[in-house]
Amino acid sequence: MSDAPIIVCRGVGKRYGRQWVLRDVDLEVRPGELLGIIGPGGHGKSVLLRLMAGLVQADEGSVTVRGKDLAVVDNFELAAVRREFGYLFQNYALFDFMNVADNVAFPLRQEGGIPEEDIAVRVRARLEQVGLGHALDRFPNQLSGGMKKRVGMARATIATPRIVLYDDPSAGLDPVTSSKIFLLVKTMHHSEPGVASVVVSHDIDRMKVICDRYVMIYEGRVLFNGPESAIAEADPLVGQFFFGAVAAKTLRP
Amino acid sequence: MKPLANAISAITASVGASALNIAETIGGASLLLARIIRALFPPRVDSDEVWRNLYNVGVKSYPIVVMTALFVGAIMVIQTAFYVQKTGATGLIGYGVGFSVFAEIGPILIGLMFSGRVGANNTAELGTMVVTEQVDALRALAIDPLPYLVVPRFLAMMGMLTLLMVLGDLFAIVGAALTAQLLVDLHWRVLLADLLQSHLLDEFTMGIVKAACFGVSISCISCYFGLSVRGGATGVGRAVNNSVVSNATAIFVIDFAVGYLYSL
Amino acid sequence: MNSSAENFFEAVGTPVVEVSRAWGSLMGCGFRTLRSIVMAPIAWREVIHQAYLIGNRSVPFITVTLGFLGLISVYQVAMQIQQIIPDFSMLGAAFLQIMIREFAPTITGLMIATRVGSGIAAEIGSMTVTEQVDALRMCNADPIVYLIVPRALACTVMVLMLSIYAVLVATIAGMLIANAVFDINYRTFLSVQLVSTDDVIVGSLKALAYGFSIPVIAGNAGLTATGGSEGVGWATTRAVVNTSFAVVVLDFFLSIVGHILFSH
C-alpha cells in the first residue's frame, strides 16, 4: 500500500449539457489493491470509470495515470497509457464480427510484434483459465451472457495490463453466474502481483467478498472512501446502502 | 461440372430468395394500403393524431425540401446552360429547366429526400415502438394500431408531400433564377419570362400527382417495415435500411408509371 | 427581462453551436480519414470485403432504379420532341452526354447514399452503443482507421464502378424504349458525338467525391450515436438525410467547377 498511486483523480467533474454527473471527485488507485466503486444506478459510477480510461474527458479537475495528465497527453502517450489498461465493458462489447479466439487475441495483435504461435498459445491458456477452452471458434451471438462476460474478461486481461477496470461485471446475470464472475475477478486480480483492479457495481454482497477498499459515489460526489471497517463512522447513507438497506427511503432514485 | 452446378444452384437460390423478399414487401405494403383505405370509408380516424402528424411531418421535412429544391433548380440551370451554349439554342433554357424540374428531377429528388427524412424517421419511430412493446401495449388497451398509428401518418405524408412539392417547385425556380443571374450571365427576368411562356402546366400537375403517389408509397412502405421489425437493437437499423431502399425503388417505378400514364 | 433575453440568446445560440459542432466533428472525421489513408497501413483484405458488400447488393438496386430512369427520361423527352420537330437524330447523343455528366453519377450516388449510407450508420451505430467502439479505442485501434478507412476506400471505387454500370443500364433501357415506342434505330440512338473528355472527367469526379463522402458522413453519424437501440435508429435516419443532401450539394459545386473549367 505504500507504493505511489497509479491513478489520481483531483477535483474531477463531468457534465452533459447543464447537468453535472460528477463533481469534485478526489480518488487514488494504488498498485495491488482491489477497489470497489459502489452507489445507486445512474449516479455517475460508469462515467468515473470511463474518465479513468480516458474514453471521456473531464470538464474540470484532472485525471493522471502514472503521472501523465490524460487531458494533455498526445496520441502516442495515450496509446502507451492505454496499454496499461484492461477494460471489461458493461455490455460485453465483444466484436460481433470476430469469433471468440480472435476477440481475445485482438489486444495482442494490436500491440504488434508478437508471433502468431505465441498469441494462439496465450489465448488458449487464458480462455481455459476462464473455463471457455471449448468455445474458441464460436461467435459472440452464440454465447450466453455469462460466457460473453468471461470472454470479455479474458480479452481485458490477455495483454497483462497493470490496471483492470470492470464495469458492472454482474449486469444482467443470474445470482449464481454473478458469484462465479466475481470470484473470477478475484482470481484474475491475484494472478499477477501489483495489478490494480477497479470494480464498479451495486452488487454489495458479492463485492464484500473480494474488495479491499470502497468508494461510494452518490449524486455525483464521493460520499465515502475507505475500507469496510470505516463505514460505521461514515454518513448513515453509506451504512444503509452497504448493509442491505431495508430503510433505504433516503436513497433518492 | 460439380462446381458449376453448385454455382448455378447458389445463384438460383439467391435470385429466388430476393424475389420472395420483393414479393413479400410489395404484398405487405399493398395489404397495408388496402386496410388503410378500408379504414377511411367510413372514416375511423383520430383527427387530433392527424393534425399532430401533419405538423410533425411538415416541420421535419420542409427545410430539407426547400434546400434540395434550391439546389435542384441551380443544378438544372448549370446543366441546361452548358447544353444550350454548346448547341446555341438560347431560347430553350427556361423551357429546359422548367420541364426537367417540374416533371422529372424535382419530384424524384424531393421524393428521395422526403423518404430519407420522414420515411426513415417513421420506420425508426414505429420500429422502436414495436421493439419496446408499446404497440403490444396499445393492443392490450384495445386500441387498434392501424387507425391510431398508421392512418394519420398516411394522411399526413400524402398531404404534406403534395404541398411540399408545390413549395419545392417554387424554390427550384428561385434557385434557378439566382444561379442564372450569378453564374451563367443570364438575367433572371429572361429566365422567368421564358419559363412562364413555356406552357408547362401539364408538367407541373404531373409533378404534383407524382408527389401524391410518392406520399402514398412512402407512408405504406415505411409503416410496413416499422411495424414488422424483429430482433431488438439491430432490427431497427436494418428495418430503416430496408425501408429507404424499397422506397427509393418504388419512387423510380412510380415515376415511370405516372409519366407513362400521363402521356396516354 | 434579463432572463427573457437570456432565453432568446439560448434559443438562437443552441442550434448554431450544435450545427457548428456537428460540422466540426464531420470535417475532423473526413480529415482524419484522408490522413489515415495516406499515413496508416491499409487493411486491403477488409477493403476488398467491403467493396464486395457495397457492390454486391447494389447491382440489382441500381439496375432497377437507373433502368426506370433511362426509360422515363427518354420517353418524356421524345414525347416533347415529337410535338415540336419530329427529329430524333440528336436524342441519343444528348441523352448519353447528360447521363455521363450528371445523372448516372448523381442518381447512383443518391442510391448508394440511401442503401450503403444507412447500412454503414446502422452497423457502426450499433457497435457504438454496445461499446465495441470504446473497446477498439482501449485496444489502441483507432475506429477511423479500423472502421471508416476501409469503407471509404471501397465505396469510392465502387461508386465509380457503379456509375459506369449505371450509364450502361440507363442507355440500354433508353435505347429499348426509343426503339419500341418511337422507332428510333439502335445505331442512331447509340451515338457518342456529343460526349467529350470533359464530360467523362466531370462525371468521374462527381462519382469519386460522392463515394468518399458517403461513408465518412454515415460513419460519423454511427460513431456519434448515443443511447441504446433508439440511438441506432436515429443515427441511421440522420445518415440517410445527410448523405443524400451531401450528394446534392456536391453535385451543385462540382457542376459549377465543370461549368467554369470546360464551358468555352
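Every chain is named by a letter (A, B and C) in the order it is written, and numbering of its residues begins at 1.
We adopt the following convention: a contact is a pair of C-beta atoms (placed from the backbone, for glycine too) under 8 Å apart; a residue touches a chain by one contact, two chains touch by 3 or more.
All figures in this text were calculated on a predicted structure; none of them were measured in a lab.
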**Complete:** The chain whose mean C-alpha position lies nearest the overall protein Cα centroid is chain C
**Message:** As a test of understanding: of all chains, whose mean C-alpha position lies farthest from that of chain C?
**Reply:** A
**Prompt:** How big is the gap, in whole Å, between where the Cα atoms of chain A centre and where those of chain C centre?
**Reply:** 42
**Asked** How many Å are there between the centre of chain B and the centre of chain C, using C-alpha atoms for each centre?
**Response** 17
**Fill in**
Averaging C-alpha coordinates per chain, one finds the centres of chain A and chain B separated by a number of Å equal to 48
**chain B, residues touching no fewer than two other chains** = none
**Request:** Quick one: which residues in chain A touch 2 or more of the other chains?
**Result:** none
**Prompt:** Of all residues in chain C, which are in touch with two or more distinct other chains?
**Reply:** 130
**Asked** Contact residues on chain A for chain C in the complex?
**Response** 50, 53, 55, 79, 82-83, 85-87, 89-96, 106-107, 110-111, 155
**Request:** Please name which positions on chain C make contact with chain A in the complex.
**Result:** 127, 130-132, 134-141
**Asked** For chain C, which residues count as touching chain B in their complex?
**Response** 60-61, 64-65, 68-69, 71-73, 75-76, 79-80, 94, 97-98, 101-102, 110-111, 114-115, 118-119, 121-123, 125-126, 129-130, 194, 228-230, 232-237, 240-241, 244-245, 248-249, 251-252, 255-256, 258-259, 263
**Item:** Interfacial residue positions of chain B with respect to chain C in the complex
**Value:** 18, 64, 67-68, 71-72, 74-75, 78-79, 81-83, 85-86, 99, 103-104, 108-109, 112-113, 115-117, 120-121, 123-125, 127-128, 131, 183-184, 232-238, 240-241, 244-245, 247-249, 252-253, 255-256, 259-260, 263
